[in-house]
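Consider the two complexes below, in which chain A is the common component and chain B and chain C are the respective partners.
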Partner chain A sequence: LQTPSCEKNTSRSLTQMENYLKGSIIGRGTYGIVYKVTCLKTGKVFALKCHRSPVLRDEDTEQKDATIGVEDATVRELSCLSALRGHPNVIQIHDLFIDGENIAMLMPYAPYTLTVIHNGHGLKVNYDHGKALQVIPLSFVAHFSVQVANALSYMHGRNIIHRDLTPRNVLLTKDLTVKVADMGLARQSSKRMSPNVVTEPYRAPELFGDNSPKDYTCAIDMWSLGVMIADAMEGKVVFAEREKGSGTVSTYDIIVKTLCPRNHVKAPVTSWDIDDVMPNVMECTLVKRIVLQLLTFRENERLLAHELLQDQEWVQAAHMTEEDKNMVIHQIQQQQLRQASKRF
Partner chain B sequence: PSSRILATADGPLLLAFKRDFGGDGESDPAQDIKTHFRVCRFVMETGVKLGMRSVPVATACVLYHRFFERVSIRAYEPYLVAMSCVYLAGKVEEQHIRTRDIINVSHRYFNSGSAPLECDKEFWDLRDSVVQCELLILRQLNFHVSFEHPHKYLLHYLLSVKSLVNRHAWSRTPI
Partner chain C sequence: QSQTESRAQSQGAASSQLRAAWDPTVSGHRVIQRLLHVEERYMPSMLYITLIQRDPERREELAKWALEVCCECGCDETVFPLSVSLLDRFLSASLSIPVSPYCLAAGCILIASKLTECDNVTADTLCAAAEYSFHPSNLREMERVILATLRWDTAAVTPQDFLPHFLACVEEREDGDRSDSER
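Showing the complex of A and B:
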């Protein structure tokens, strides 16, 4: 009797897992839990991503059409991460622990995420006395977007689409190097893919609509990048669902009202002025040029990752001085303190 | 080889596999190719019966071949590997297929005309085998499970030799 089994290796993985001390939870999602772990031998800090363990032999799960065995997200994440190994702006995977049905991935620990751009102000804080204080330098906006574009051009060159690019999934190391993470939705591009991807405010217009499988391209990641740049300029989630007048306006409606060209079939009756939606973006000529090229309604007109990297003016703007870096790190730490105090 | 029958060796033969090779354990490349051909035909038939699109079916076949590039066909039951490949391909290509359906369709493939499997221990054992084998495939392939399909090159090749093919035969080929 020969059943494929991983018992032999389980004991090995367990002894390896014992070398790491589980610390606080640093992330939680539908996929599972991310812990901060410390290596007992070297004292180095890592992140351990544990995927939710599926329940075997559960009659309920069978009826609910649930996944058994390895989760889809795990299959995707591991296959993409192994294909993208070695890129400086993509998160690396150090080790993998398999314990029966559970899979845990050991990755480098990144202390910050790009959510710092949602500071509620944008680049500058305006005080009562009329003096504006810069809180996030423009060079940081260019810096992160160039590094994300770097990772994307590498991924897209290998035909892989990330499909969940949001500030939460863009990690920053201590010296603010970008690490694109969470490949749970990433996949090799093909025809007829699931449209239920990307967190809503970062979702490209071609993904909205009915639930049928759609043909889309890596341009959806570029849209997400464009929204992140706009977010950073405005200091908030630009395309978040909002209350206006009597009802709520959905992300898709905001996109159509602000960015849909007049000669498009989906052109709205009344459009909104883009200057009201993203005033800070429109104020700066350089950012305006980049963002409008990324947020084009038609996917085939959108700037691609390698094209963005060829934009000399933008790449030059991405140079950060020590002072700029300290400013951003200070902001991040302030924000982390605020969040921590909110929790208690 | 008679001992290599899924997880349920003591129960009545769940899937009455035809053993295509002798019991000596010596490798015979010609025989192996025939076996792989039969198993891939099984994958395709199963895929059609399960209503899978052509890309996931192609993925399942590639997974199957990649797996047996790494391990001996004598070490694992090819049809079990094929069932797991179908299941895994569904996950990779976002067309999720339930293990229950795969098992039922496979059962029908090997025992045509018989009643579907009861939801008893044999069924659960078989399902566990499929799930465990899936993890084995993932590990053998180092989680490299999404790839450029060789089929698309074949498709172009076929289209380029279209004019050499008997027109009647071509019209009946689903391309």
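Showing the complex of A and C:
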């Protein structure tokens, strides 16, 4: 009968961590910083996600430090990732390092994220301008959405909700395979969680309102997916708050004005024409059908992940030719160059 | 009398409807099947179950204490079953009771609370509940030992995961009843 000690574990992990050379910062999440690291032994590149320690996040340090222990975000993310281990569209963890209060996760390095869909051009730009512009092919839009739906269907079947699905959290490997990352965790049974989940433009309408804890279902992830498809079609963040006339229109107001049905209690006095908000989506019959089933104002009418995967037409549209892939990769690289040159 | 007759009739109709409600494509049958499958991953080991059945008092004592603490702290209903699941799985892996078993039970409650609640239980509250038989620093260390032992795979399936799906079936049945009696 012995108290097991974690001392041994800690020291082993520390020596392992010395085998990796910390490079540039590749991402900043709500809960920490992600570095690009190189293994000194094999030369392989990885991503290292360092969860911010409670000491750095709170003012009254000593007190908090003593009572908090391991961050709940860390416990949630890691339990979630280990429950989903092995799925081809969910990011995997190679190793875990514990250094005092800090916990760092070693993950495969994914060179791209889905943020390319914003600053990139929507589907139709090449028709408007005289010269041919590089555009995102429709097959890529269907491709990423089917792979995200694949991951979501697996998670939702295990009563796990992602809760923060945004283009930034949808990683892409070199051959454009989707890896969903940065998950929170909520089993359906533990429903009353804080409503401040999901980055605003991707937040489902039922999550807006006062700050009281709310019941929510896996349908919130499906809304986020619908917004990402619309973003990809339009080449911008469709529900980003915007200036109009004399004031700002919030994400929620845009959603209500464009998508709230007339017989709903929250129905607006004046509504916006959805053709103006997402013209490219509305022009393509297939995408329109999918997006409108995902962006339903009432959560119980929203398409579920496994239902989306049963849509033969959409799944067939997800087939990408080599040419399509090269076009997307070229587009992403151009954009990364533009961003890099902006920095200098 | 005619009223009781009609009720008996509607009950007969309802029981035939119940079978329809269990159609796997309509009800949550598919989800329940999958949850049952996932649940197997989070079962304690057979050896542990055999050992514990020879001398069940110790586990019962710890589980009862955990239930009391969860009630006192006003924890969400999912916290208790999840902490007992963590406790069983930890003991399955280590097959030895640590020096302070209450510290272990408190560590399990702490992790379960972090997983499922937005305002989680503090280490101080748990230390107080155990009448300060261990320090917050012991509890923090225990938390790490549990997480490392279970390889962070802590989001176990609990009875509360099944309940909404069972309730949905019952609701369907009730709706069936109501529409029948209206008829």
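Throughout what follows, the second predicted complex is superposed on the first by the 310 of 344 C-alpha atoms of A that agree within 3 Å, B and C clash if a C-alpha of one lies under 4 Å from a C-alpha of the other, contacts with A are read in each partner's own complex, and residues count from 1 in each chain.
Following the convention adopted for this analysis, contacts are C-beta pairs under 8 Å (C-beta built on N, C-alpha and C of every residue); 3 or more make two chains touch, one makes a residue touch a chain.
Remember, it's a predicted structure, so these values are computed and weren't measured experimentally.
Look at A:Ile98: by the touch rule set out above, it reaches both chain B and chain C.
In the superposition on chain A, A:Gly157 contacts chain C only, with no contact to chain B. By the touch criterion defined above, A:Glu323 reaches neither chain B nor chain C. In the overlay built on the shared chain, the residue A:Val75 is in contact with chain B and with chain C. Judged by the document's definition of touching, chain A residues 1-6, 67-70, 72, 75-76, 78-83, 98, 159-160, 187-188, 190, 192-194, 213 lie at the interface with chain B and also at the interface with chain C.
On chain B, the positions that touch chain A within their shared complex are 3-4, 6-7, 9, 53, 55, 75-77, 80, 87-88, 91-94, 96, 98-100, 124, 127-136, 138-139, 142-148. The part of chain A that touches chain B in the complex is made up of residues 1-6, 56-57, 62, 65, 67-70, 72, 75-76, 78-83, 98, 101, 159-160, 187-188, 190-194, 213.
Residues of chain C touching chain A in their complex: 31, 34-35, 38, 76-78, 94, 96-100, 110-111, 114-118, 120, 122-124, 136-137, 139-141, 143-145, 147-149, 151-155, 157-158, 160-161, 163-164. If you check the complex, the residues on chain A that touch chain C are 1-6, 9, 66-72, 75-76, 78-83, 96, 98, 157-160, 185-190, 192-194, 213.
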